[in-house]
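Take a look at the following structure, please.
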Amino acid sequence: MTHTTTDEGTALLLEPSALPARTRLLKTLLRSRELSVAIVLLIVVAAAAIKSPDFVVSSDGWRDLLLTPTILLLLAAGQTVVIITRNVDLSVGSILGLSAWLTGELFMAHPGLPPVLAFVIGSAAGAGLGLINGVVVAYGKVPALVITLGTQYIFRGIVLTWAGSSLISASQMPDRFLKLGTAQIFTIPVLFIIAMVIVVAVGYYLQTARSGRELYAVGSDPEAAVLYGLPVNRRVVGAFILSGALAGLAGVVFAARYGTVNSSAGTGIEFQAVAAAVVGGVAIFGGSGTAWGAAIGAGLLMTINSALPMVGISDFWQQALVGALIIAAIVLDRVLAARQARKLIEARDES
Amino acid sequence: GKADTGTSSDGESGGSGDKPLSIVFLPKNLGNPYFDASDAGGKKAVEALGGTFSEVGPQTASPDAQVQYINTAAQQHASAIVLSANDPKAVGSALTQAKSSGTKIVTFDSDTEAQYRDLFVNQASPEGIAKAQVDGLAEQIGDSGEIAILSASANATNQNAWIDLMKKDLQADHPDIKLVDTVYGNDDDQTSFDKTAALLKNHPNLKGIISPTTVGIAAAARYLSTSKSKGKVALTGLGTPNQMRKFVEDGTVTEFYLWNPTDLGTLAAYAAAALANGEITGKEGDKFTAGDLGDYTVGADNTVLLGDPTGFNKDNIGDFDF
Amino acid sequence: MSERTYPSYTHPLWRRLLIGREAGVIALLVIIWLYGYSNIPYFGDTLTLTYILVDMTTVLLIALPMTLVIVTGEIDLSVASVVGLSSAVLGLLVQHGVGMPLACLTALVTGVICGVVNGFLVAYVGLPSLAVTIGTLALYRGIAVGLLGTTAVTDFPANWTELTSRVLGSSGIPTFMMVFVVLAAIFIALLHFSPFGRGIYDIGLSPEAAEFTGVNVQRTKMILFVLTGTLSALAGIFYTLRFGSARGDNATGLELQVIAAVLLGGVSIFGGRGKLPGVIAGVLLIGALSSALRLEGVTVNVINIIIGLLLVLSVLSTSLLAWVSDIRGSRARRHRVQRPTPTPSSVSSQ
Amino acid sequence: MDSPPQAALQLAGVSKNFGPVAALRSGSLTVQPGSIHALVGENGAGKSTLVKIVAGVHRRDGGDFFLDGQAVDFGSTAESKAAGIAVIYQEPTLFPDLSVTENIFMGRQILGRMRRIDKATMYREAGKLFQGLGVHIDPRRPALGLSIADQQIIEIAKAISLDAKVLIMDEPTAALSGVEVERLFTVARRLRDEGRALVFISHRFDEVFDLCDAVTVMRDGSYIGTRPIAETTVTEMVNLMVGREVADLFPKQDTDIGDVVLKVEGLQSAGVFHDVSFTVRRGEIVGLAGLVGAGRSEIARAVFGVDRYDSGTVSMSGTAVPARNPRAAIRSGMAFIPEDRRKQGLVTDASVAENIAGVIRRGLAKGGLLTKAQENRAVAPWAARLEVKTSSLDAPAKTMSGGNQQKVVIAKWLATKPDLLIIDEPTRGIDVGTKSEVHRLLSELAGQGLAILMISSELPEVLGMADRVLVVSEGRLTADLTREQATPETVMHAATASSGSQEMAR
């Protein structure tokens, strides 16, 4: 409020915000899309817990509450990075399947393999498949939806050929590795900790690294990004590599958590990953959204699945509710966006 | 009905022996160790008879995917299809067409409606299967308390038949046992695993689970073995020894049941060959020999019965490898 | 003013026909058919033709309106769930003793309602169709599974289920294809020979310009989503009768098959480009290829790999061709750069 | 080479083809450090193409390109940026989802600890940049929702912050108001005085003479000549550009003015315009003048039914036209040529024929069926009447120059045989040659009894063409002037009339 009246008259737009930094941060947080999804998630958990306290309180309940969404958490974070660049990766389910099978094969061939190495190899394999997607999409100048639909078929075909009709069961993998599937630190499952660390890191990277911000720029307006001199192709390839690596990691987590792998691991999970991102506030046409939001979205989708029966809704109606939730989320986004646009225009009017 | 396909004319090879024997095994889905075992038995039998064996099948246990494989086998004029049906009715018209082009139809493991096939090779009588599991679990939990069923898909013919029989058995013989929930793992490992977790969470007083499907019982056992409920919640059902060995040894599971799937495959293959050669027609009273398994007679409803299920526990599980 | 005249076309007819992606797909279809006919045992049987057509009928039916939707730049991922839902409705009604005609009609109306919901959210609320139909994909399937629960309804009258397998004389062509041919003719006229169809392309190429030209963008999109819902329901009825079984999980995953076929047929996922004959050829190509490969004893995994590769390569082909001509062009350019160029001073002296 | 060795930027005989289109045949340009160099030419002369070659967007097919005497060849915009070239493109290129600060610093954000982006410092820097430009923009607001003028200002801030040796501005003023243009010029002169080389592209000669030191003229993709600004005149420049004498820029014919065609009463849309009432009669050209951002386009769009409005009525020849329904407006006899030709006026990927037939095709169909042949037959006379330059009717509109595209849009609407033509910025971004053709055409159409509502930001155009001038300021009609009353002074006074602070600012 230091401007003179005449100065304000010339203002074209919003005055630079005079709010102190902390207030602004709080306001941003309160208005954020992530918070609203998180609140819904808490409500769901609370409702289930009231009906059946075991859902949260018992040690198994607590463990499963955190473990069940772990795989989708990883996939949703990876999917977010790709969607932000105005692409989509429909091949993550097949990448997950390949990596899970690879993990099983690795342990069958080398029972002494340190589990850490399995995680590294799984992620690297996923990254390699992501690289293929990325290169074809970026340099072939072809839509990601089509290409990853194609590679979804191809990668799944490879798992099927490799695995045939066989199955790798718990007894064929070392206990050291399978223990990771349920191991807990301070009651929090190790796999969940790994996933959370990665989701937080990805989200932080997107917000604070140059290349991370460039991903948003690429998705916000790809043509402008080219004119701007941004390395658009490199960024798109990078996004697909990251998504592939996370799907690969999710495959290893799958093997550790379920202890059994066959050729159909991860079938159909790609839609859930996209849905989690959308529910978590990631715009399907790129340019906005956070990995954190997507992770909360993943948590919500998976938790709803296990919580519904507790509040007395039959198994059979779960999917319908998930669908309604997705639609509610995008309608909410639209309402919020319209409100923001109106504010920006009003601000211009007032100036 | 007169399903006029315009093809019945070129496929009337009937039971003539001039065509080489080719038998197509079509399990519910690939990647299922139970069918691996049965198809292995089938393969050995077909090769012993000097025929060609092939195994085809969909990735997921859905009837529409099975139809395409039935069609292909019919196009190739295979001598016989040995099928475990994903739906008693949905594969019907495809089977009818295949039959009309001269292919014999044998179902095993999971039957279709009787008019669609020539013969059903039954693993064990449904009454026997249901009773073995219910009585087994009742013994383990002291004949009272809450139990639940973890089944395959909601439409699986045999599972649904067994579940109905189990309910009758429970009512008649075990009045203190209460069946509180039936959930479906769709014969998918991950789904079955998550459903087990949900079952335990939703029913804190649960004392036992029956899973009449090999995929389901293995997933449930794996979940139980890592959970606090291990040893407290009894688990039984139908499983293969190789998948369940670990859980029997570590005490998660006391006893489970199954017939020998390899024998089932072998019997189905011999039955199919006998039909294809015109040795039998599938009517009640027909007799044929199934290699080492011995002689079998076709019973009512064009059905051949393999035998009673075996119980596997700590004492005998070491003797089996499938 | 001198009255100028303009040629209508830059290229002669044969060139215009040959350059499209449609031509490539149709050629590939013919090649596979000829190869199969002469080299694969049983492929030439009329029975094979029957099976390919019956197998692909659901995809063919849904691909018609889906093409129009994709040409406007939208997408409908909920089609397979609409198949499932209409199948569930049909089954439920028949189970409760409702007559077939009324049950089928109700199933169709279910599809219309599904389409209206999609269309309303996309066209009038303005939400992205990719997100909306991922939502309704789950929603409609969920309702279908919720309605039927564990049951599969199988007691359909035989004279109705037979309709799906009856063939025309000895041609091997299923009688039901007549319905498809009529529908295909209507859709081709609609997309390629009507003002409405031109509007569909305009919307796909530039929605804003279409709006300014008086194309009713919202209503057009609404109509297309309703058509997609309706034909998906029709496909659902066909599917149910063909298998004689109504189940909540009928046709799961079919949406990807339909979209793959449409894209293979030369339709651009960005909208504004693509033709129905190409799409129909794309669907038949997948059907013929799968059938041929199955007859050759190729397993489902390899078939998947081949269909995936075909999809990727067909989409890449445009880019690859441009790339090749670019390389040729830059080679020629290198020659040109050598030539001496006039200096500014020499030009400015004019 | 007889040019001075220190030329900051030198292009000689540069050529570029897009498939069959020769966009640039032999482009040449020499810019000295510490000078502002104008680049002028008709639409499609190849100016933007030349700029894009310098920027590394396109690779040249032939010719020489020197920067500070060094031969260079840019494969990407990143390379040209690194070499010290900043470009403001003809179309603003902003990322709508990102804050204006991020838009300015994208790709070279200020890094803090551990190579993390230091947002606080960036906001401060952006604030300083805006201060230097004399504008008040919240550095945190997203670029979404900025008006075109505001977007252009962000582009300018971006280019300035690059600290480039060479700054190229491709029609930066097309969407700016007088004050903003002045501000931009102050900054440009300061940069020149710092010793940088600037290239300025504009169709407005007054600006060229006001700002620049030298001017290079292009025609048909070729270099025509370079003149120091002090030694040339508008007439010479126009002659060089067009290659012929251009007689009268605004040949308005007198016409008989007839009955009321369009009647707008009390039109209102919250936050955009208020209480707008006016009429347009047969044979009359009504000019809608005002500052950029005054809301003229919005009024026109609401009248035509593309935008909604809260209250008020629109009627054509006495019959009410329903709101929010362009189809109904077209049926009532309206035609609307929007200001953004490439996004709104044309489906650029569609062919010339499809574009011209865009509105009338419903009437062409026989029994619901429409063929290409019917379309071609119907559009050919209209293309001929407007002398559209195209090789064939199935050529995509995107391959044409701006002026020709505008002719296609006009043809499309004339084909509907309208009673009222609303035309928003009829000659924006159109060269002098085509411009006078468009003016002659509008005047001729009015002579034939068409009612015309013309929105224009160019005062000479409004004063020269209009029978009556309506002035809009801040969404309100502030004056209704006859041809005689309308002078630059009366119009500008009305345009800045409404609120006191506004008048002081502009």
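Lettered A, B, C and D in written order, each chain numbered from 1.
Here is the rule we go by: a residue touches a chain if its C-beta (ideal position, glycine included) is under 8 Å from a C-beta of that chain, and two chains touch if they have at least 3 such contacts.
Since the model is a prediction, treat every value here as computed from it, not as a measurement.
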Original post:
Any chains in contact with both chain A and chain C?
Top reply: B, D
Original post:
Given the two chain pairs C-D and B-C, which is bridged by the higher number of C-beta pairs in contact?
Top reply: C-D
Original post:
Approximately how many whole Å separate the CA-defined centres of chain B and chain C?
Top reply: 38
Original post:
What is the distance, in whole Å, between the centres of chain A and chain D, each centre taken as the mean of its C-alpha atoms?
Top reply: 42
Original post:
Any idea how many Å lie between the Cα centroids of chain B and chain D?
Top reply: 74
**OP:** Two or more other chains in contact with one residue: find those residues in chain D.
**Re:** none
Original post:
Counting only residues that touch at least 2 other chains, which ones in chain A make the list?
Top reply: 160, 263
Subject >> Residues within chain C bordering two or more other chains >> reply: 149, 299-300
**OP:** By the touch definition up top, name every chain pair that qualifies.
**Re:** A-B, A-C, A-D, B-C, C-D
**OP:** Could you pull out which chain C residues touch chain B in their complex?
**Re:** 41-42, 45-48, 50-51, 55, 149-152, 154, 158-159, 161-162, 164-167, 169-172, 239, 242-245, 247, 249-252, 290-291, 294-295, 297, 299-300
Subject >> chain A-touching residues of chain D, taken from the complex the two chains share >> reply: 55-57, 76-81, 87, 89, 93-98, 102, 106-109, 111, 115-117, 120, 127, 134-142, 144-147, 149-150, 153, 271, 499, 501-502, 504-505
Original post:
Okay, in this complex, where on chain C does chain A touch?
Top reply: 75, 77, 121, 125-128, 130-132, 134-143, 145-146, 149, 248, 253, 256, 259-260, 263, 268-270, 299-312, 315-316, 318-320
Subject >> Residues of chain A touching chain B in the complex >> reply: 52, 54-55, 58-61, 64, 68, 160, 163-167, 169-171, 181-182, 254, 258-260, 262-265, 267, 305-306, 309-310, 315
Original post:
Which bits of chain A are touching chain C when the two form their complex?
Top reply: 88, 136, 140-143, 145-147, 149-154, 156-161, 263, 268, 271, 274-275, 278, 284-285, 314, 316-327, 330-331, 334
